[in-house]
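Structures are listed in the sections that come next.
You will see chain A twice below: alongside chain B first, and alongside chain C after that.
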Partner chain A sequence: MAAVSTKIADLSVAMVTAPVAISEWLVVLPVALCILLGATLMMIRDRISLHPLVAIPGLAAVVLVDAALLWKVVTEGPVTMVMGRWLPPFGIAFSVDILGAMLALAAAIVALAGSLYALSDINDSARRYGFFPFLLLLLAGVSGAFLTGDIFNLYVWFEVLLISSFGLLVLGSEREQIDGAVKYAFLNLVGTTLFLIAVGYLYAIFGTLNMADIAMKVKEGREGLPLVTLSALFLFAFGMKAAAFPVNFWLPASYHTPRVVVSAVFAGLLTKVGVYALIRVMVMLLPAEREELSLMIVVAAVATMLTGAAGALAQNDVRRLLGYLVISGIGSMLAGVALGGPGGISGAIFYALHSIVLMTALYMAAGLAARISGSYSLESLGGIYRQNAPLAFVTLALFFAVSGLPPFSGFWPKVILVKASLDIGAWWLAGVLLLTGFLTTIAVGRVFLLAYWRPKAGDDGAPAVSIDRTAFLPVLLLTALVSIFGVLPEGLLRLTQEAAAGLENPAAYVHSVFPGGAK
Partner chain B sequence: MNTLIFRTVAPFLTGLMILFSIFVLLRGHNEPGGGFIGGLIAASALAIYGIACGVSVVRRALRVHPLAISGCGLFLACLAGFVSLPAAVPFMTGLWIYPHIFGLEVPLATVMLFDIGVYLVVVGSITSIALALEEKEND
Partner chain C sequence: MEAVLAVVVGIFFAAAIYLILSKYIVRILLGVAILGNAVNLLLFTSGRLTREVPPIIAEGIDALPAGAANPLPQALILTAIVISFSFFAFLLVLTYRAYQDLKTDNTDDMRIAEPIKDPLPPLGY
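Entry: the complex of A and B
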């Protein structure tokens, strides 16, 4: 050993030599823990009674780790850990800032809620098929995407979550599900391939894939580089992932086919990963190009909001209707990206967090309503208020939140975005944001009127129906989050503003990757 | 495909290929080879066995479901990263020990553990796909 260490002169040129504190492991733990748990579940795939016993405490642990990570990032600034000790930009870095940590925490909470809901929603055959392992690997992919500091690695995590989502989507192998999965798979693969091509161009231009390194190199000189073309490619690829108009048709085609808990988790997580990647690349890495393309983004945003809301108005199937509401929410986030500035970005981040929790809760509530009424169709749904009043109240709260009405968390991002657009004189954008809220109110009001208030056709004295406590608990939990952040938004507002500031001026982020300064 | 010659040779061929795949796996640290290609060789061995003797025979010979093998590999690969934790180095750092076994110095590394994990993931998933396809053919 002694001979080896004298032969290599100076390891510190290529490798991290400072000892790594235990607390820095929080950076990789959310992903590593999910993979370990998922792998364990794959090994015991036949003993399905053990699956929830491993998955639920495991996911609770992931939530705690993510919370600790967020706390660490908020108090100490961005944290970086490089894989295999190699120094960036050559070693792959996991760099976590407030944005990534917040989204990872929200994702873990949603996955935990999903695993609880699955106790009564996922039957034995679907468990045998691997619901819980897929859920954990999906969360590993999503968390990895939020936490990584390397753009090619981001692509890899996209693939991980995509593969897990295919598995979840066809759980049950029904004809309709396969049909939805094929559309979903094809369009998402096209999107991912475009992303890969864009990453290839990026590497050809800058010779690096580390995001902090790219952020520095872009600042050093952008003359003569085809960065707007590159940004347009990224915009298209991530827009496809996020289900932005006009490449959003895969979402309503597939989100209503799987089990409702799968739809719930997808609606919460998948599109937001696209939005996150868009924010990370367009706001942090290529800010000037975002400015150039902002007109295009805002057109896409307006079209996404309006088509989403109009689609929701036209639907009769509650799950399809919710799919369109996911899309219209994506439009609002894109509007924030297009606006830029502290207001726009923090509004988009707040909206993304709100939407992760809210959309999951909405799908779960719709699933519970269907359990009571036996249908997702507005034509046959009815009388849920009479049959289960608590569910009706919770759903009403969620409907208020999705419409952006106070006192729920949907209100604040709308306020921020409307204010940000009025500040730069884009009154028409403010108008569209408000109009979308109005149309959404009508769409969900129609659902509440028909499915909850209207007595069920045919029987007047329908008895009260109780629902599984394990299925109602996660909905309550998520609704509580939506209400708490609606009533007490200050903490979250401050965090999203800090996150937006950290994106606009990524000095702290860059410093965490290159503590010794740029080379 | 189901000739007498093939059925007689297939088990030996399978055993030979799996041995070779392990050789390729262990060789891969400094020379061509490694977990991925080794895993592919092992998976093709099992596929050949399946074509010759039937899918149920392979499943019985494996004892566990191929996907459980994948899970085990994923677990090992991820665990290899956690060895760095007590050593106070970043995740997935290659760490070596040099135990003397029968008077021979055998270098063992977390890299190798990771590679074994990759091998098992590839064996498990490709075999799972291959067996599923062969099963459909028999229906």
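Entry: the complex of A and C
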């Protein structure tokens, strides 16, 4: 045996031979913890009273781990861990940079808020169907997508989060949900299949699936390679996941059907994974092709923003209105991707973080309003301000934030994006961004007017209604985040700029994957 | 061999897209299943098709012999087959359930979540 092994090349270039330091495990811990907790909950599926007792502390731990990971990445630069001891490009790598760590932290916070809100929103039968395990597996998929450094692995995480989201979407099996789920399931499955095609071509072109390796190989030579076609495929697939016009119709067809906490978590997490993947692939891996396709992206962005805002104006159901606002937010992020440069990308990242927290809070607040008023229809909603003033104040803050008005976190990404588009002379894009904000203000202003200020029809002295503290707390928590980052944006602005710079020049990212330099 | 497979993949894609464009959920479901297979074949073909050179690394070398089929796309397909099979199973159940509950498999009639006569928001205060 010994005689044979001496002939074979030095294994240490392909395998980790030293034991992995404990602190390195932080990279994979958010995903591992979620899967572990999800599996545990599956095992105690029948003992539903235990579910929140496991899920809520577990999600709090995931938030802490993500925060520690972000701290590590900010102080030490991108970190990489490889699976099965095979070094990249052979083994699957988890590579975390500031962008991935920030988004994973935001996702974990949203999931924690969702699990608190679920205490009063999810009844026993829905728990028996597995709300909490699905929530944890969904977060596992989302975190995995944000943290992985391998593009086929990204596809696998997409599927993990997709199958968990199916489970959450049909929780309760009402007719509306089945109808919404059919459209959601088919279109999203086709979207991920398109992603798989693009991954196949990518492998055929470069012979590697590791993102850092691809980023290097693209730089080495792109002549004669069908990279623009490949980018267009990626754009189409991720645009479908992100609900960009014209492939966004699955979202308003399904997002208003499940339990409101499920809608809230979906609105926060799912579309942003599509945007993240688009940023990762188009900005970091294929920057020249992004430039080439920027006209197409910007047209999609403008159409997404305007159809989203216009759709919101035409809705009577508050949840459907919010679904259209999710879409119009995606348009703003796409505008950032199309603009490129430090301004555009950092604006898109800031907007994504803001939108994760905000859209979840908005759906939750709408759910609370419906608990008080017994309806989601603008026609019959009314008098919420009189019945519960604190909820009205919180909702008004969220409405300001979604319209992009100061002093909330929606203001800053809008400022960055408008400035970035004016800088390159795209005044029309700045105009559309501002017009979208204006239309959104009208749409949510009308909701506030009708549902909160207007006295409820035929009911003058409606008594004050208190709401469950466990349901109000997460809304308050998320609103506090929206307000804090609206008043004190410097720290987050700096982080998003660093993240954008890290995408534009992925030297540190590549170095974390190939510490010994490229082969 | 690759050229033949490329044509087959093209036919699969054409059939899948034709079926997906249908109004009936069952046909769309079949289209999605064919689409999954089209993608798997595409990945398979991109990894080179040959039986002549076994993908075995000989003693003293540390790379596959030239012309051997790349085993990695085959591993990718295995993953993709498992995933697409489980999704197909889920969609099949969902479709059947939709047929039971909504009494139709025509997407034109599936308007429960998005009613045709959805009222506009109130125009006055």
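What to note about this one:
Criterion: the second predicted complex is superposed on the first by the 508 of 519 C-alpha atoms of A that agree within 3 Å, B and C clash if a C-alpha of one lies under 4 Å from a C-alpha of the other, contacts with A are read in each partner's own complex, and residues count from 1 in each chain.
We adopt the following convention: a contact is a pair of C-beta atoms (placed from the backbone, for glycine too) under 8 Å apart; a residue touches a chain by one contact, two chains touch by 3 or more.
Note that the structure is a prediction, hence the values are computed from the model and not measured.
When both complexes are overlaid on chain A, chain B and chain C end up sitting side by side without clashing. Figure note: vertex chain A, arms to chain B and chain C, all at CA centres after fitting on chain A; angle 50 degrees, rounded to a multiple of 10. Look at A:Pro287: by the touch rule set out above, it reaches neither chain B nor chain C.
If you count the residues of chain A touched by chain B and by chain C, you find the higher number for C. When both complexes are overlaid on chain A, the residue A:Val82 reaches chain B alone and has no touch with chain C. In the superposition on chain A, no contact is made by A:Pro413 with either chain B or chain C. In the overlay built on the shared chain, the residue A:Thr257 is in contact with chain C alone; chain B does not reach it.
Once the two complexes are laid over each other on the shared chain, residue contacts for A:Leu450 go to chain C alone; chain B is not touched. The superposed three-chain arrangement places the nearest Cα atoms of chain B and chain C 9 Å from each other. Overlap of the chain B and chain C interfaces on chain A: none, as no residue is touched by both. On the side of chain A, the complex with chain B involves touching residues 1, 16, 19-22, 24-25, 28, 32, 35-36, 38-46, 81-85, 94, 130, 133. For chain A in complex with chain C, the touching residues are 4, 7-9, 152, 156, 159, 162-163, 166, 170, 173, 175-183, 185-186, 189-190, 193, 196-197, 199-201, 203-204, 252-254, 256-257, 314-317, 377-379, 446, 449-450, 454.
For chain B in complex with chain A, the touching residues are 65, 67-68, 70-75, 78-79, 81-82, 84-85, 88-94, 98. On chain C, the positions that touch chain A within their shared complex are 20, 25, 28-29, 32, 35-36, 39, 42-43, 46, 59-60, 62, 72-73, 76, 79-80, 83-84, 86-87, 90-91, 94-95, 97-98, 101-102, 107, 110-114, 118-122, 125.
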